[in-house]
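In the two assemblies presented below, subunit A is common to both, partnered first by subunit B and then by subunit C.
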Partner chain A sequence: MEDLIVAFLRSGTPIVYVALAGVIAQRAGVWNLGLEGLMIVGACATIVTIRLTGSLPLALAVAVLLCCALSALLWFVVEILKANQIIAGLGITGLGLGGTALALTAIFGSEAAVNAPFGLPRIGPAFGAFGGLSVLVALMPVLVFGTWLVLCRTRFGLRLSACGEHPFAARAIGVSPTLMRLWALLLGAPFCALAGAELAAGSLQMFSVNMTSGRGFMGFAAVIFGAGHPVGAALAAFFFAFAGALGIRAQLLYGDRVPSALLLALPYLATVAGLWLSARLGRRSTASGPNELGRL
Partner chain B sequence: MTTSTFTRRRLLQTSGGLLLAAGLLGPSAVRAQGGLIALVHTQAAGDAGPVDSMIGKLNQFAAETGMRARAIYAQDPATYETSFTTLGEAGASIVVSTFNEVAEPIREVAPNFPDTKFIQLFADPFEPAIPNVTTVSYDYYLGCYLAGIFAARMSRSGKLGFIGGISIPPINADFNAFKAGAQSVNPDITATVAFAGSFQDPAKGQEIATQMYSDGIDFIQTDAAATDFGIIAAAQEREGRLVSCLDPAQFTLAPKSLISIVGLDFGASLYNEAQRALTPDWQAGHVPTGLGTGVIDFIRNPEFIAQGPAELNAMAEAAMPEVDQARTAILDGSLVVEFNTNL
Partner chain C sequence: MTTQLAVVFRTFAFILAALLLCALIFAAVGLSATETLQGVIEGALFRPRALDHVLRWALPLLITSVGVVICFRAGFFNIGAQGQFYMGAIAAAFAAEALRGTSPLVAVPLCLAAGMAGGALWALWPALLRVRAGADEVITTMMGNFIAALALVHVTSGPLKDPSGSGQATSSRPIDAAHRISETTGTSPVILATAVLVVLLGWWLTRRTAFGILSGLAGRNPSMVAWQGARVESIAISAFLFSGGLAGLAGSIELLGPNGRLASGFLPTHGFTAILIGLVSSLSVLATVVVALFFGALASAALYLPIVAGLPAAAIEIINASIALFITARADAVRGVLSRWRSRWKT
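Right after this comes the complex of A and B.
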């Protein structure tokens, strides 16, 4: 049982981190469909830098910087060039997925998977079966709470939300929605880097192309299912992870009777069901985001 | 004015001439320089398995023959036909690709480029055969049968696992053969199968393997390319967890858990077929290959032999005569393993 809880925490944590980035962007009025691309850049940068330099702090710094640069690019395209948010976000995802494959080829001469000699620090043997989890799993509740605190209990957070909800009102009090959206995307970038770092260096200590396998998009769905609230999105992310674990369990128990493709689709069916449920529960306005979301 | 007209005309004439020369001489020039050999792979590189092995051998072949090598990742099935057509138009001498999903695009494109030899690995034969296409099939499931015998001898719990990338007929057959091999040793042994839904999702592989090991399974056979990395990581988390993989490149990843492989050397197969394609008496058609040819075999991990627990190595040593006996029986035809694609 402990092993299953460990696996559940391990699979849910990267989605929570990437969902937090999505929440911050969504509150500021940006649908960030680039989460998948940012996440894989974070994963790639962490492992490649560890491999090349042997330094974890440097690896995390590089991952954060690259995610910030891509987020700034998204902001520039969306806010300055007035491109469609959805298309621009998908472009960032494509750039991340393709760019990491290209980077591997440029650095190592092939797209072969890269192993790192070590990964993120573990919680430690004092925690028994949970000792093998990375520190980012332990840090996750703190960061969820911190994000809630910043977004919901500080002037900065309220102004950020105002930029998504009523940008004209925000302008009226001297807040620039354009600038706040840049801050929102830059604030979310480290979360994407951490999501990628946890996925690649949490227990695997390796990077292979396309290894995010849609987890960034699941994070995006968690933002909607969680009604744009940090705690709600985190719970939604774990719900999707739970659905994924359930899909695996169902395969092990009923794989000889039910097609595996159907059982593997469980997390995605859960995503659709979750979105439907959040709309039915009367949270249409919050689930679909702030009023000005996407109207740029 | 006169100078300007003259210059523009000359420029257009020169450009047109160059384009015509490039268009007419391009393909033959490519062949004259030693030719182009291309690999169109439909799974991403970086799997420490089939694709990486093929790319490695492609480059080796090109270096040895003086040909130019190109590895092209065709991720989207909609691009397969375009990729083959482009290579044909570029005058490629040999185009290699893999798996059944490229069969129809090859059937469409190959007749248009009779001077290009197409090699499809892990394929069913074309009926009727196409004069410039070779298909190669592997009896990988026979290697899985041997792995099943070995696993049954190594398992203490009597519970075995099998993790595939995607549930497709050949992989289903691999699992059935693995199970049949295990039950030939111990009819009461159980074998559980699960699929990651992707050949490139190590995190999902780790999740599945963790659940399997938690259920008491102590030996997992993988068939999942890059997803294997996660399965290997899960095996390393506790002592006594054993995993058997696909490729010699994986040997060093887990010297104390990765006990064996059912090796399918795609790279060697590509190399062999490419070499055959350069011979003057090359003939198109179907090449069945596998156990007994050096392309497929059940192999113990030398790293595990050197670093693994002595007790497990002793058990493995004791199991090998039975595996060797089964291999011999399969090759001489006295043992027939069913190719069963139903789960």
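Right after this comes the complex of A and C.
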């Protein structure tokens, strides 16, 4: 039971982080489909920098900076050049996936997985079976609460949400939705970097090409399933992770009877079911996002 | 005419911007940008039998992207071309296995039809979820891609596993040699004829039928079309079915043609590239022909780069992604920004 919970927390945390970034962006009126790309850049930057310099703070700083740069690029293309958010977001994802593969070949000579000598600090043996979890897992509830506090209880957060709900109203009180979306994306970027760092350095301490395998998109689906609320999105992310942990557990128990590839599909199926549910539950207005979210 | 020229001009301007971004990224990871681009051009155009190689990649992409155009025109972001492509290939592989030993005149059309059915069915459930429940099709089709990739792993390591294959790389038995529609190198009159037929039918469907006109309108203003009494639901579902069917057709062509067997994780970027082709051609079926040749050339260069220039194939992925990033940017937005900057300088 305990190791099931550990596996569950371990697989859920990166999705929660990336979902928080998605919530911030969505509230400001940006469908951020670049989350997957930002996350893998965060993962790659963390491991590669640890490997090259041996410094964890530096690694996290590089990851955050790269994610901020990519987010700013997405903002420029979407808000200034008025490109379609979905396609531009997928472009960022492609840049992240391709760019990390390219970086590995350029630095290490091949696309093989890269190991780091150490990863994120663990919460320590005092916590028994949970001691192997990284500090980012322990920090996660704090950050979810903090995001809720900032988004729903501060002037800045409400203004940010106004930019997604009704940009004209925001503009009327002197808030520039364009600029606010930049802040929203830049605020989300560190969350993506942490999501990647947790995924790559939280327990595995290695990076391999395409290792995010859709977790960024799951985070995005968690935003929709969680109706754009930080706590809701975090719960939705854990729901997807639960399906994933269950799949891995079922593989160990029933692997000989049920094809393992189909059990691995469980988190994706859970995501689809989550989307279907949130659409069915009549949250159509939030499920399709704030009014201002653009389509082609 | 001038507006069409403007569209072409705009498109190329943004492709230039994308290439500039690529050059920056290549420079950042320590690759020479000019060398890479030179390698790309050489690989695409100036190697022996270059045209064959380009066509080998361009024709299946062209078929999938005609489907993408049909669905996007109707206003649905069917990102699931990759999954539908895989499901088509899987269905065709089952058909090919069942029809082993029969005449190719029977087997090939049946396999292609099975591929279309497989792809269309894989597009049907996101369509129903979208139309009946209102679930966003971007994420459902995206999840469909992951599920289809896992289904491919399952099929190639389970029901269709090649018993003589090694444990590591999973693939199916090679299909009956008589049923192959091209050599491994990839082009043949059959594939070319299919692609031409698909383009002509796609053009006719989008420009000359009630479905085409209505779906184009529905893409821009669904409530207007609904108020005028058209059945938006059936338009939506047909659009998804066409799109999935064509992606499935491309999958079965890849199976019967160049690949000759089903391998897990084959051509992982096919769907995304096809979506790009649809967008770059501004959702016009005839334009996809030219654009598919361009991206086919890039894909053919991707295989050439590591062999000859020692450059990583991921370089092509970067080029594709940067084009995706910029391709939907609006020219009038740029003009607006420029004029704002200019007025700022004046005051």
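Simple rule for what comes next: the second predicted complex is superposed on the first by the 280 of 296 C-alpha atoms of A that agree within 3 Å, B and C clash if a C-alpha of one lies under 4 Å from a C-alpha of the other, contacts with A are read in each partner's own complex, and residues count from 1 in each chain.
As a convention for this text, contacts are C-beta pairs under 8 Å (C-beta built on N, C-alpha and C of every residue); 3 or more make two chains touch, one makes a residue touch a chain.
Computed from a predicted structure; not experimentally measured.
Partners subunit B and subunit C clash in the overlay (superposition on subunit A). Contacts of A:106 after superposition on the shared chain: subunit C is touched, whereas subunit B is not.
Touch counts on subunit A: comparing subunit C and subunit B, the chain ahead is C. When the two complexes are overlaid on their common chain A, residue A:30 makes contact with neither subunit B nor subunit C. By the touch criterion defined above, A:182 lies against neither subunit B nor subunit C after alignment on the C-alpha atoms of chain A.
Touch criterion met: A:261 reaches subunit B and subunit C at once. Contact with neither subunit B nor subunit C is seen for A:193 once the two complexes are overlaid on the shared chain.
Contacts of A:227 after superposition: neither subunit B nor subunit C is touched.
Of the two partner chains placed by superposition, A:137 touches none, neither subunit B nor subunit C.
By the touch criterion defined above, A:213 reaches both subunit B and subunit C. Residue contacts after overlaying the shared chain place A:87 against subunit C, while subunit B stays out of touching range.
Within the superposed arrangement, the part of subunit C that overlaps subunit B, taken from 256-264, 274-282 or 328-336, is 256-264.
When the two complexes are laid over each other on chain A, subunit A has residues 101, 111, 213, 259, 261, 264 in contact with both subunit B and subunit C.
Touching subunit A in their complex are the following residues of subunit C: 25-26, 29-31, 72, 75, 77, 79, 129, 133-136, 138-140, 142-144, 146-147, 150-151, 153-154, 157-158, 219, 272, 275, 279, 312, 314-315, 317-318, 320-330, 333-334, 337. Those residues of subunit A whose C-beta lies close enough to touch subunit C in the complex are 33, 73-74, 77, 80-84, 86-88, 90-95, 97-99, 101-103, 105-107, 111, 213-214, 217, 220-221, 224, 259, 261-262, 264-265, 268-269, 271-272, 275-276, 278-280, 284, 287-288, 295-296.
For subunit A in complex with subunit B, the residues that touch the partner chain are 1, 3-4, 6-7, 10-11, 14, 101, 104, 110-115, 132, 199, 203-206, 208-211, 213, 215, 244-245, 248-249, 251-252, 255-256, 259-261, 264.
Chain contact summary for the complex, subunit B toward subunit A: residues 44-48, 52, 55, 73, 167, 192-198, 200-204, 206-208, 210-215, 226, 229-230, 233, 237, 253, 343.
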